[in-house]
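Heads up, there are several structures right after this.
You will see two complexes here that share chain A, one where it goes with chain B and one where it goes with chain C.
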Partner chain A sequence: MSIKLLIPTPLRPYAGKQSVIEVNAQTVGDALNILVMKHPDLRKHLFSEDGKLRSFVNVYLNDEDIRYLSKDATPVKETDTITIVPSVAGGR
Partner chain B sequence: MTLKIPVEHYNQLRKHGEAAYPHECCGVLVGELDESGGKAVKAAVQCGNTRIDSLTNRYHISPSELVRIQRGAMLAGQDIVGFYHSHPDHPARWSATDLAEAHWTGCSYVITSVENGRAVLTNSFLLLGQEEAKHFEDEPLEVIEH
Partner chain C sequence: MAALIDGSQASLSNEEILRYSRHLIMPEVTLDGQKKLKAARVLCVGTGGLGSPLALYLAAAGVGTLGLVDYDVVDYTNLQRQVLHYTSDVGRLKIDSAIDKLTAINPFVEIKRFDTYLDSQNVIDIFRDFDIVSDGTDNFATRYLVNDACVLSGKPNVYASIFRFEGQASIFATEAGPCYRCLYPEPPPPGLVPSCAEGGVLGVLPGLLGVIQATEVIKLILGAGEPLIGRLVLVDALGMRFRELHVRKNPECPVCGANPTVTQLIDYNQFCGIRGDESETATTAKIPEIQPEELKRRLDAQEDIFVLDVREPHEYQIVNIKGHLIPLGDLPTRIHELDSSREIVVHCKSGARSAKAVDFLRSSGFKHATNLIGGILAWADRIDTTLPKY
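Showing the complex of A and B:
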């Protein structure tokens, strides 16, 4: 089934300048894998060398952090939206 | 590249810094990007600082807030173009922590120094480069008067 992935501003140069990409997937992990197969330059920005999501990359399925769902194995349905958001933090 | 910000949003983020003092405030700048990388701010969205263990010298915006703001911006045909935070009793320059924790390449990071509860300087820094070689550059900040 086709679901939407929202691409944040800093990753768009590696995703054909697109802000929304639709993929056919059954789980969040499938969707992310298809995304990086379509746009290989995205891989190193999303995943570390061991294949895990980089520590500062958050992935949400609708309003939920996938870390608190079933992570990569979280099933998706047609109306779902996956949002990728790098973290925002700092301080003096 | 220049970050253009209407005076009401500029004043709003500085007042946020004063209201949060002696804690750091933080928020998201929503607006429009042009082809040359210039940015026009259309809204400064105030966020909560979730670094409750170290509010006077750290900030963190909840990813769930970012998701909500990003979705709203995209529905309005806009984008997240930057972020702001305050440096209580500290210069309006990026710190090593600011750089280490910055991941939105191409976005503006606006910092306001707040001394004894009063906003003093507000500067913008543009994050450039890939994660392993990222760096900040000074970015012109143009306050638009109406």
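Showing the complex of A and C:
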């Protein structure tokens, strides 16, 4: 089913400058895999070399961190939104 | 939540009562709340984009003691957003400029001045005499330092960060709530996440986020409302959307978890830099470079040199040295525009992107590609001083 992935500003250059990308997926893990297949430049920003989600990138399904759901295996439904929330440090 | 601030010993003069009258008549503040504000001691780390609105509003609201930490000097590029500092302050210490403005707004505020770079050695001493810390810094090392020091010294950290049109805000390191490391256990390697200096920032964005920080600081002092604990507010100024995400306290957090592994402060530059520094030197070490003076001499001598500019078109529009423009991201698909038999000097704004471009070109068979040291900024400083800098 088609769900929305929200791409934050710092990662948009690696996602064809798009802020929202729709993918057909059954789980959060599927959705992220499809995303990096469509946009290979995103891979190193989201995953470490061993394929794990990087520790300075959080993935939320709606308003919950997937680390506290079923991680990659968290099922998604049509109305869900996945948000990628990378750490940013700017303040000056 | 237990009261953070005891205002019972504070007293307000008639002048102060008049000044704060719009607070005093509100049931959420009253005289008791204003006395808490007066008794409160808040440390603002940074007096830049976030620190400016934060400190201005805290001073105006009557926070009794404001600590300021900054070692930086005001420059022209700060003025688009750092509203504590005026054109006439360029070249002055930000902290001196800040103290002037804050004292002018509210002479009843006592200001503590820390003209220093916050580090593992001084942070606990500096934090000691404050009740709340508000983090408006601009780098990961200081953000992890502030977080860990807040957890270890038991002080709430009212947090915000910004990039271009987007910001994040939360309160970390309260007793029951999560800390910054619960949200982000580790920093990104250097270079992977652009800073405001590299990526730009909308001038009003730190205004929005700094005012959120000020609001949360004041609520913590008053003990009023629902504090932004365990929630991360995401602000998208371009879409003008505010979203809220849950942030949970991680029971395995290395600093605030049940069995912490970080029980004293560490070397935060190393924590935030070691991997990136290694990969950075590994790639830049073998990249051939040219000084601006050498390029100028050889261009003047009519040598056959192709100048390639790998910045973005909007940067080219600000200033250029008539190089052929191919943004770094487009280089792989537009490489056919280049002649591998010619000598190519690549430049960007300050040299980092062009180093990546030279690395890519060399690995694609362009044996005569070199990187202009310091980019167009160095050219504007040392060769053609009529050019604008940005």
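Some notes on this structure:
Convention: the second predicted complex is superposed on the first by the 87 of 92 C-alpha atoms of A that agree within 3 Å, B and C clash if a C-alpha of one lies under 4 Å from a C-alpha of the other, contacts with A are read in each partner's own complex, and residues count from 1 in each chain.
By definition in this document, contacts are C-beta pairs under 8 Å (C-beta built on N, C-alpha and C of every residue); 3 or more make two chains touch, one makes a residue touch a chain.
Note that the structure is predicted; figures quoted are calculated from it, not measured.
When both complexes are superposed on chain A, chain B and chain C end up clashing with one another. When the shared chain is aligned, no partner comes close enough to touch A:K38: not chain B, not chain C.
In the overlay built on the shared chain, the residue A:K77 is in contact with neither chain B nor chain C. Applying the stated contact rule after C-alpha superposition, one finds that A:Y68 touches chain C and leaves chain B untouched.
Of the two partner chains, both chain B and chain C are touched by A:P8. When the shared chain is aligned, chain B and chain C each come close enough to touch A:N58.
Shared contact residues of chain A, touching chain B in one structure and chain C in the other: 8-10, 13, 19, 45, 54, 56, 58, 60, 63, 65, 83, 85-92.
Within the complex, the chain C residues that touch chain A are 46, 48-51, 72, 78, 82, 135-140, 143, 160-166, 168, 183-188, 192-196, 199, 201, 206, 232, 234, 239, 243-248, 329.
Residues of chain A that touch chain C in their complex: 8-10, 13, 19, 44-45, 54-56, 58, 60, 63-65, 68, 83, 85-92. Of all residues in chain B, only 24, 26, 28, 33, 51, 54, 57-61, 63-64, 66-68, 70-71, 74, 79-81, 83, 85, 87-88, 90, 94-95, 97-107, 109, 127, 130-131 touch chain A in the complex they form.
Per the touch definition, chain A reaches chain B in the complex via residues 6, 8-10, 13, 19-20, 45, 54, 56-58, 60, 63, 65, 81, 83, 85-92.
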